[in-house]
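What follows is a short report on a single structure.
Note that the chains are named A, B, C, D and E in the order they appear, and that numbering of residues resets to 1 at the start of each chain.
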Amino acid sequence: MYLVVEQLLNGLQFGLLLFLLAAGLTLVFGIMDFVNLAHGSLYMMGAYFAATFVAWTGSFVLGALLALGATLLLGIVLEYVALRHLYGRDHLDQVLATFGLILFFNDAVRLIWGPAGLALPLPAWLTVPVQIIPGVYYPAYRLMIIVVALAVAAMLYLVVMRTRVGMLIRAGASNREMIGALGINIKLLFTLVFGLGAALAGLAGLMQAPILTVQIGMGENILILAFVIIVIGGIGSIRGAFMAAVFVGIIDTMGRAFLPDLLRKVLSGAAASTAAPALSSMLIYLLMAIILVLRPEGLFPAAKR
Amino acid sequence: MADTKMADTKSAEPLLEVDAIETCYGLSQVLFGLSLKIKAGEMVALMGRNGMGKTTTIRSIMGLTPARSGAIRFAGEAVRGLPSYKIAKLGIGLVPEGRQIFPNLTVRENLVAASGNRLGASDPWTIDKIHALFPRLAERTSNMGVTLSGGEQQMLAIGRALMTNPKLLILDEATEGLAPLIRDEIWSCLSMLKGRGQSVLVIDKNVGNLTRIADRHYIIERGRTVWGGTSEQLIAEPELQHKYLGI
Amino acid sequence: ADSVKIGFVSTFSGPTAVIGNDMRNSFELALDHLGRKIDGKPVEVIYEDDQQKPDVGKQKTEKLVQSDKVDFIVGYIWSNVLLASLKTAVDSKTFLISANAGPSQLAGELCSPYVFSTSWQNDQTPAAMGLYMNQKGVKSVFLIGPNYAAGKDMLAGVKSTFKGEVVGEEYTVWPSQLDFSAELTKARNSKAESIFVFYPGAAGVQFLNQYAQAGIKVQIPLYTAFTVDELSLPLQKDNAIGIPGAQEWVNDLPNAENKKFVEDYRKKYPGLRPTYYGAQAYDAAQLINSAVVAVKGDLTKKDAMKAEMEKANFKSLRGPFKYGNNHIPIQNFYLQDVVKDADGQLSLKTVATIVKDDQDKFHDKCSMK
Amino acid sequence: MVDPLLRVDNLVRRFGGITATDNLSMEVLPGELHAIIGPNGAGKTTLISQLTGQVMPNSGTIRFAGRDVTSLPSYKRSRLGLARSFQITSLLKDFSAIDNVALAAQAHDGHSFRFWGNARKERHLRATARAALERVGLGQRADIVVSQLSHGAQRELELAVALATKPQLLLLDEPMAGLGVTESARMVALLKELRKEVTIVLVEHDMEAVFALADRITVLVYGRVIACDVPDAIRKDEEVKRAYLGDQHAVTRHG
Amino acid sequence: MMPKLNASNAVAALLCVALVLLPVYSAVTGNIFILTLFTRIAIYALAAASLNLIMGYGGMMSFGHAAYLGIGGYAVGILAAEGIGSGFIQWPVALAVSALFALLIGALSLRTRGVYFIMITLAFAQMAYYVASALSRYGGDDGLTVYKRSDFAGLINLSDRNQFYYLCLACLFGGLYLIWRIVNSRFGLVVQGVRSNEQRMQAIGFHANRYRLVCFVISGTICGLAGALLANNTDFVSPAVMYWTRSGDLMVMVILGGMGSLFGPVVGATVYLLLEELLSQFTEYSGLILGPVLLLIVLFARGGIMGLLGRMSRG
């Protein structure tokens, strides 16, 4: 029983980890309707900035703050120089352009920091495992991730769904021309929102770096997961993205934890040991396919909220 | 609203002055030196058959399809070439052709998103006032824009433009798709607004109502203003209506 | 020909470029040590990037064979890239020296007179680790590895020699799995005495991070193959201390060539440390040198060159080794551990010899006798 | 008494909390021009959409030409001879006007799993399309891409597309909306012609047109039929005046 | 329709002539590798052209198109491994299996639209990838070597460099001709109409999804052919060819060349693969150049390279 609870916790936590990255993407893709493949690159930049600044300042918190500022700035520059011209355009144009950015960032990082990756060690106060219920230890840092993810989720929801700025962003995504005709400087607004999205990507990168790695291309596989989450949740729905992230985290973790044993009960040993890993590899995609076949607009279609 | 003040200011100079503008969509030119003027507190109608360039005129004024040449002055400022949000901020509220309400926002959010009182009208529009004007919207307040009926969308588009508390209200196809009752209400609402000093530029096919409440009219033919004058003049020249409007 | 032309296929872009770079660095160093000449002829090396994609690797190999008409092709980090490229080299009778990839097919049914390895067959390293665990008296193990061919080979390798009980075996999604907490939880709950993992590159960093942060490092000891090396160590830092691994080459092996190699490497590439990938590439250069010298530079004498290479008649950085019938080294495997060296830096250190003259178990499947 | 061409019984459609079609029953007789009027949001468009299959009713039946079509998808109903125009213009924006119409003709000219011949060179499709365009007065603008047509022209094209499917029953959702005075007059004339050939259901807020054209008028309010009668009776109906027409002058002095 | 003489048609024609004459150049200069390179380009161009059919004309953004490359390839590879070397069996099987797979995932995926469609096709391709990785009998992750190229009873020798090249070219041109006929046919117009406005097409009497599905299957089948060619060209198939990044590459080729233009994908594949090859010759940091080039093309050349050329010739 303990085991199930602990694995559930693992799943929840993994889901929140994914949500951190998905959060920025919901903003930029779900709400501004801009397909930004380079979101993964911003995530990577966040991690590299953090690793560099932490090493430089010697303080995790200070380094993280600097890194946040740096990705925010980078996002704004990127938007200002190139991406703002792509808003009204076809999604595929955005795909191609931001794919180009991925190539660029990967090689730029390799040129600047070398191919080897960086270490982002945690301060000692975050490395201790915490006993949350008797017998169950949890890494302190992961608890912090949970807190940050929940805070980000709440903030996003409030800003986007409850404030006028959020309304303007959503309105601007569906009809830029009209929002301009209402006297709102949508360009500036979008630049800022894109910057915020970039900062969120950076936040995800720097939060995840101590658990995962700081590596070139670190954003690409996880980006696909983030897209999966947003799509399962229903594009444009923050609540959907949050629920889907948790859902995916739990299903994925539980699947890997219990599927092999389950299969071994039904199949012969040899068949099970080849089928189980293959199946658990596919699980997320299988899940997405099933959900989309049954609910072609995701679990929480945005229009109905 | 700030009626007296608004009517007074710069009454010497027109509120909006469009002078010989030329506008193209890509390579095809649509406006050929079109001119018009609106004084503060005045209600002006644009008339013309389909495809003559009425909407394009409005898009040029708003900076949505910028005019290539000519001059546009609004509230004393040259606005040709400015981005549309700056023009709108100077005090133009637009009810566009095809309504263009935000489909992914609720009715209420559509109104809130637009709300603003940049010019400091003393008695600004509020959601409650819009609801009083269009009770139908009050019933639909938390529906998504996309689910509204055609007429409801039109009401919302008008409400949204009013929420910006504009100096000049522009309505492109003001009553398209509205039921007769509501249509009457819109006309009486417009004359009420005019009575309060609101300047209005309106396009509508309903010449009868336009001549009743508008002060002056322009007729547009193939991208040019071919006639301009008061309601009395228009009524006095039925052959004009026949020639340009086909009545 | 008045020069010796060598094609070098490895990964020079993307995150794994770090491995390709190290192999190239070491190969260049080997050429420096040879005076950039082989049997008096200048050496020309053409480096090609396989982008870690099999069909790109194949295309680069074709380019080297068809367009550059090289005499030797060296490199190949990845099994699938090597397997895709093999036929091109063999069909054109160009010598191919794998300086890393060691799929079982290469040792067995796909062995070829023109193909040599300066590394190992995939199973060998983990099998050595299994032996070591026996020596330590470990009674039970929980295995974790990525769900792809090499991952399965590695776990099978341990199982082939480990005498205790395998209480669990987990395969994780490759290459995209980010979080290992489910597997770690299972491992802890299995009450196994030990955990064995194989996670190369970034995944190894990631795994060790999570292993340490989950507090399991203080509960269950970890045994590894190809998880802790000089490339990942700077990122793993203290997480790697005390974690043993098996390897056919370690930087402190006590032979003169190796000392010189390590010293010169660190001199030539300040801030970097050589790895077994590099050592294997270095050996490949030496192997080529021995063959060309033996035929006095007549590169058309392929049979003679092959015969010479089969003798492994050169000073390998890992110490002397022999070739099996399948052209895979029969060699020692060492136990390495992570320690802090004199200047406080983490480095790998040989602790013991686990097994001597180990031969892969696929050599009977090779038709060459 | 002739059998009705279209017969709707107890139709109900709800959207969340509101009932857009509330237990509605009506009949359309062959050959008549049947107008549907009602305040904004009364459920006229929703009704049309249920008749043509874009929206499925929650309950009730729709019979067309003696056949129960309630659960047929829209493309099948179109093949049976139901055609509509959309209130909010719905065209193939990146196709030329004539392509839009020709496709409609093609849809009713056998199946379209023909992979080889060049469809733009099929004479009879083009001829049908051109005829439909001429009819609505767009003959001169056949080759213009739809997105470059003015709003009014697009409204006319809507009708041409519906016509090209050679329908038995034509459902028009506010065809005059967006048309100028001239064009409206032309449209009224055209509908007068058309009604000789095909049964028409007309949703329109232009009362002049409705009273000039309709044989019968159904009035919807809040999804319910409050009246259904000949124009003169409707004009006098107090309830209709209150709910929809308003002051008499709105009807008589209009235009 | 008489093709008009303008920049984009001129480039297409030039490219065709160059492709046809390439073996001559290769024989004269002794540069064999260029032939190898362009064989691969021709194969990817065919795959990209098939993607263009659904993406450019049908509005179905498949992010899983590389799956068919793998399926066509594995059909050839597995049959070869089981001792069936005849191309007369291998290739029809490759096409049939691709068509079947397209039918299956198309039927399921076409319930969705837009980005959801992108993601569900991705999901199915990823599943195919993991299934192939689990085929340990056929090399699993390591891939499967095809020892002998498909045998066409002496009609054509696939191991001959020139013959194989011309075969690939013939498949490419054949595929393009087929696509050209299709997009101008009744069927093609319907598919394009559905892309433009599905509701309208339903309302005038078309069962939109049926046409979409058939289009999807045709496209998958053509790509399966490219897969069979690729397996023969590489003498190897592996799951890697189905990974999502490969589907991404195909998309990039199509968009780069110009979506919805017949020759766009050919130009796109050529430019993309050539750039990759050339850049890697003189820098290891090719992304620093390729990336911004892609960005600039999007910013300044709407409709890809063909779109740019088209606009240039219009003035």
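The criterion applied here is as follows: contacts are C-beta pairs under 8 Å (C-beta built on N, C-alpha and C of every residue); 3 or more make two chains touch, one makes a residue touch a chain.
Here is each chain with its UniProt name: A, E = Branched-chain amino acid ABC transporter permease; B, D = ABC transporter ATP-binding protein.
Quick caveat, the model's predicted, so the values are computed rather than measured.
K.L.:
Quick one: which chains contact subunit D and subunit E both?
P.N.:
none
K.L.:
When every step has to jump to a touching chain, what is the lowest number of steps that links subunit A to subunit B?
P.N.:
Between subunit A and subunit B, the shortest chain-hopping route counts 1.
K.L.:
Name the chain whose C-alpha centroid is most distant from the C-alpha centroid of subunit A.
P.N.:
Between subunit A and every other chain, the largest centroid distance is to D.
K.L.:
Based on the averaged CA atom positions, which chain is farthest from subunit E?
P.N.:
Farthest from subunit E by mean C-alpha position: B.
K.L.:
Determine the centre-to-centre distance between subunit B and subunit C, using the mean Cα coordinates as centres, and give it in whole Å.
P.N.:
75
K.L.:
How far is the middle of subunit A from the middle of subunit E, if each middle is the mean of its Cα atoms, in Å?
P.N.:
Chain centres of subunit A and subunit E, defined by C-alpha means, are spaced 31 Å apart.
K.L.:
Using mean C-alpha positions as chain centres, tell me how far subunit A is from subunit D in Å, no decimals.
P.N.:
That gives a centre separation of 48 Å.
K.L.:
Which integer distance in Å separates the CA centroid of subunit C from that of subunit E?
P.N.:
Spacing between the chain centres: roughly 36 Å.
K.L.:
For subunit E, what residues touch not just one other chain but two or more?
P.N.:
Correct list: 133, 136, 285-287.
K.L.:
For subunit B, which residues are shared contacts with two or more other chains?
P.N.:
Subunit B, residues with two or more chain partners: not present.
K.L.:
Would you please write down the residue numbers of subunit A that are in contact with two or more other chains?
P.N.:
Within subunit A, the residues that touch at least two other chains are 106-107, 110, 224, 277-278, 281.
K.L.:
According to the definition of touch, which chains form touching pairs?
P.N.:
Listed in label order, the chain pairs in contact are A-B, A-C, A-E, B-D, C-E, D-E.
K.L.:
Which residues of subunit D touch subunit B in the complex?
P.N.:
15, 37-42, 44-46, 87-89, 148-153, 174, 177-185, 205, 207, 243-247, 250-251, 253-255
K.L.:
Which subunit C residues qualify as touching subunit E in the complex?
P.N.:
12-13, 17, 48-49, 53-55, 58-59, 62-63, 66-67, 79-80, 83-84, 86-88, 103, 105, 110, 147-150, 152, 174
K.L.:
Taking the complex as given, what residues does subunit B use to touch subunit A?
P.N.:
62, 64, 83-86, 88-89, 93-94, 96, 100, 102-105, 109-110, 112-116, 118, 144, 146, 160, 164
K.L.:
Write out the stretch or stretches of subunit B touching subunit D in their complex.
P.N.:
Listed in rising order, the residues are 25, 28, 48-51, 55, 97-98, 136, 140, 147-152, 154-155, 173, 176-184, 205-208, 245-247.
K.L.:
Taking the touch rule as given, give the residues of subunit E at its contact with subunit D in the complex, in rising order.
P.N.:
For this pair, the touching residues of subunit E are 1, 181-182, 184-190, 192-193, 196-197, 199-208, 211, 214.
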